[in-house]
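Two complexes, one shared chain (chain A), two partners (chain B, chain C).
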Partner chain A sequence: MIESYLKDLTQLKNVEAIAIYSLNNKLIDSWCDPNFNSKVLEELSLHYFQVFATLDLSVQNFQEIVITHEKGHFYTRILPNLLLIVLVRLPVEISLIRLIVNVKSIDLLNSRGLQKELKRSSVESKDFLNKKYLDESEKEYLKKLEI
Partner chain B sequence: MVLVGNLKDLRLANIIQLNCMERNIAKVTVTSHEGTGYLYFADGQIVHAEFSPYIGERAVYEMLALNDGQFKVEAGVQSPAFTIKKPWNSVVLDSLRELDEKSQQATSVPKKVFTILSNQKIIKNIIVSDFNGKLLEGKASKQLNPNLIAFIWYKLKKVLTLFYNENYLYTFLRGKEGYLFILEFRANLVAMETSLNIIPEEFMTLVNKILRGVD
Partner chain C sequence: MEKIDENMVFVLNSQQSPEDSDLLHLEWAVVSQLDGQKTVRQIAENLALNTAEVEEIFKKLVSEELLVLVDRSEDDDIVPGELFKYVNHEMTLLLGPVAGIILEDVMEMMRLSRENFDRRKFLGLIDLLTNQIDDPVKQIEFQRNIYPKIKQYLLK
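Now for the complex of A and B:
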C-alpha cells in the first residue's frame, strides 16, 4: 500500500522508514530501508497515540508532530482514520515530506485496499492512557493534568 | 544480601564508589518521585544504567541529580546489558561537575531565556518550565500548559531514545492556528507558540542563535 500510494516518499533518499496504523494502533503497512529494523515500528505508534490522546483530552488540535534530532526527523501525522509515521535522515526537509503527504495521501485514503484493511481491523477504540501502558513518570504527568 | 536506605542518608555517588571499589557484582535500584532507575556493577565498574527514558551514562547523570529517594542494593545480580564503557570515576565526576554547573546557572537561566525570547515578534507566547512541569517563567494557558508540555517532551524524547542514540534537538506540533515548539535549554523546557507563517527550521536556527546570547 505504501509502495503504491506513497512511492514518492519511498524514493526519497534518506527516508528510512514509513508506517501507517489504524487509529486503534494496528500496523496496516510499513516500508523501510533494508538496514532498518522494522520490528521497532510496532512499538513506535503507541507513544504517539498516547500523546494525541492527551492532546485531545486537553482540547488541543494538532495534526502533526515532528521530533528533530541531530541526524534527522520523526515526522508524524494524523490523517482521517490513520496515523502516518515517517523516519528521515538529514538533509531531507520536513516541508518536502509534508508536501508529498498532502498530495499523495488523498489517493491512499480513498483506496479500496485501505478501506478493506480498516474494516478488517477492529473499530473498537483503545484506551491508550490506561495505566498498564504508562510508566511511573507518565502516570505522574497525567495526574497533574487531571487525566 | 540486600541493603536498603534513603539517598538523603547515603549519597548515590558514595554507593557507586563503594560498589566499584569493592568490585561487587550488584544491582542498585533507585526509586524517587521522578521514576525508578537501575545501576549494575561488575569488575569494579558501572556496566549499565537505566533511568527512563535514558540508558547508559546519561541515566547515571539523571540519577545523580536526584536529591531524594530510596535505594536498594542487591548483591550478585548480573547486568542484563553493557551500555557504559567509561571508567566509573569519569562517569561520576563528569556528571557531578555538570550538575554543579547547572545548579549555579539554574536560578538565572529561566528568566533570561523568557525575557530574551518573549521580546521576539514572531513568538506569540512563551513559557519556561522544568522537566517536571513546574512553571518557572511566563503565563500558562490552555495551549502552553507546563504539565502538558512536560508530558509531550517526555514521551517524544522517549520515542527518540528507543530508536536512536542521537541527541534530541527540539519538537514541534503543527495545528490549524500555528506551531507549538518545545526545546530543552539547560535543565529547562522552553515552549513557544508561533503563527503558521514561520519555517520551523529557520525559526529554530534563530532561536538557537538567540539562546547562545544567554551564555
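Now for the complex of A and C:
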C-alpha cells in the first residue's frame, strides 16, 4: 500500500521508514530502508496516539507533529482514520514531506485496499482517540493542567 | 577547516554524538539549530551571535568532528522564472486575479524576489501560498496541480 500510494516518499533518499496505523493502533502497512530497525516503529505509534489524544481532548486541532532530533525528524500526521509516521534523516525539507503526504494521501485514503483494512476496525472518527488512549485519571489530570 | 563561511551549511556528524563532548550552552544552542538547511549566517541571526562568536563556535564544533559540511554545489541555484509563472497560473485558476498580488506579497515577506529565489526556499513559498487559500479543498487542489511540476524540478 505504501509502495503503491506513497512511492514518492519512499524514493526520497533520506526517508528511513514509513508506517500507517489505524486509529486503534493496528499496523496497516510499513516500509523501511533495509538498514533500519523496524522494531522502532512498533514502539512509536502508541506514544503518538497518546499525544494526539491529549491534543484532541483539549480541542486543539493538531493534525501534524514534527519532532526534530539530532539526526533527523519524526514526522507524524493524523489523516482521516489513520496515523502516518515518517522517519527521516537530515538533511531533508519537511515542507516536501508535507506536500507529498498532502497530495498522495488522497488516493491512499480512497483506495479499496485501505477501505477494506479499515472496515475490519470499528473506528469511525478521531474523537475515538481520547476515549481509547487516555484513561479517566489522565483526562482529569489534563483538565487540571488547563492546556 | 581554516575559514567558516557564512553561507556554509552543516549537519551533525552521525558518527559522533555531541553528548560525548563538553559543549557550552551557546554551542548546544548552535547544535540545536542545525537542520541541514540553515546557513551559518541564519543560525547566527537566530541566536543573535556576532560574526566572531559564530565563527569561533563553528570552528570548535568542526575541529571536534561533530559537524559535516553539506555539499550544496549541485543544487545551489535559483528557481527558474517559468516555475513562478506556473504557480501564479494555478493560483489564479483558484483565486482569480488577486493571485499575482498574493504571490508578490509572500515573496516580499520572505525578502526574496523572482530573480534571486533560492531553490531551497521554494517549498517554504508553496507552504505560505497554500496558507493564503482559505478553502481546505482548494488548498489540496492547488498542491495537487502544482506537484507534478515541483516533483520534476526538485526531485530530478
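One rule holds for everything that comes next: the second predicted complex is superposed on the first by the 122 of 147 C-alpha atoms of A that agree within 3 Å, B and C clash if a C-alpha of one lies under 4 Å from a C-alpha of the other, contacts with A are read in each partner's own complex, and residues count from 1 in each chain.
Definition applied: a contact is a pair of C-beta atoms (placed from the backbone, for glycine too) under 8 Å apart; a residue touches a chain by one contact, two chains touch by 3 or more.
Keep in mind that this is a model prediction, so the values were computed, not measured.
Colleague: Could you tell me if A:8 is touching chain B, chain C, both of them or neither one (first, second, both, neither)?
Modeller: Once the two structures are laid over each other on A, A:8 reaches chain C alone.
Colleague: After lining up the shared chain so the two structures overlap, which partner does A:74 touch, if you call chain B first and chain C second: first, second, both or neither?
Modeller: A:74: touches chain B, not chain C.
Colleague: Quick one: classify A:53 as touching chain B (first), chain C (second), both or neither.
Modeller: After superposition on chain A, A:53 lies in contact with neither partner.
Colleague: For A:103 in the superposed arrangement: first (chain B), second (chain C), both or neither?
Modeller: A:103 sits against chain C, while chain B stays out of touch.
Colleague: Could you tell me if A:27 is touching chain B, chain C, both of them or neither one (first, second, both, neither)?
Modeller: neither
Colleague: I'd like to know which partner A:90 touches here: chain B for first, chain C for second, both or neither.
Modeller: After superposition on chain A, A:90 lies in contact with chain C alone.
Colleague: Given the superposition on chain A, which partner contacts more residues in chain A: chain B or chain C?
Modeller: Here the partner covering more residues of chain A is B.
Colleague: Is A:118 touching anything from chain B or chain C once the two structures are fitted on A? First, second, both or neither.
Modeller: A:118 sits against neither chain B nor chain C.
Colleague: Going by the contact definition given at the top, which residues of chain A touch chain B in one complex and chain C in the other?
Modeller: Common interface on chain A, chain B vs chain C: 68, 70-71, 93, 95.
Colleague: So in the complex, the part of chain A that touches chain C is made up of which residues?
Modeller: Chain A residues touching chain C: 8, 11-12, 68, 70-71, 89-93, 95-96, 98-100, 102-103, 106.
Colleague: Any idea which chain B residues touch chain A in the complex?
Modeller: It comes out as residues 33-36, 52, 133, 142-143, 145, 147-148, 150-152, 154-156, 158-160, 162-164, 166-176, 180, 199-201, 204.
Colleague: Over in the complex, which chain A residues touch chain B? Could you list them?
Modeller: The touching residues are 40, 43-44, 47-48, 50-51, 54-55, 58-72, 74, 87, 93-95, 135-138, 140-142, 144-145.
Colleague: Spell out the part of chain C that touches chain A in their complex, as residue ranges.
Modeller: Against chain A, the touching part of chain C is residues 9, 11-12, 14, 17-18, 31, 34-37, 70, 120, 123-124, 126-127, 139-140, 143-144, 147, 150-151, 154-155.
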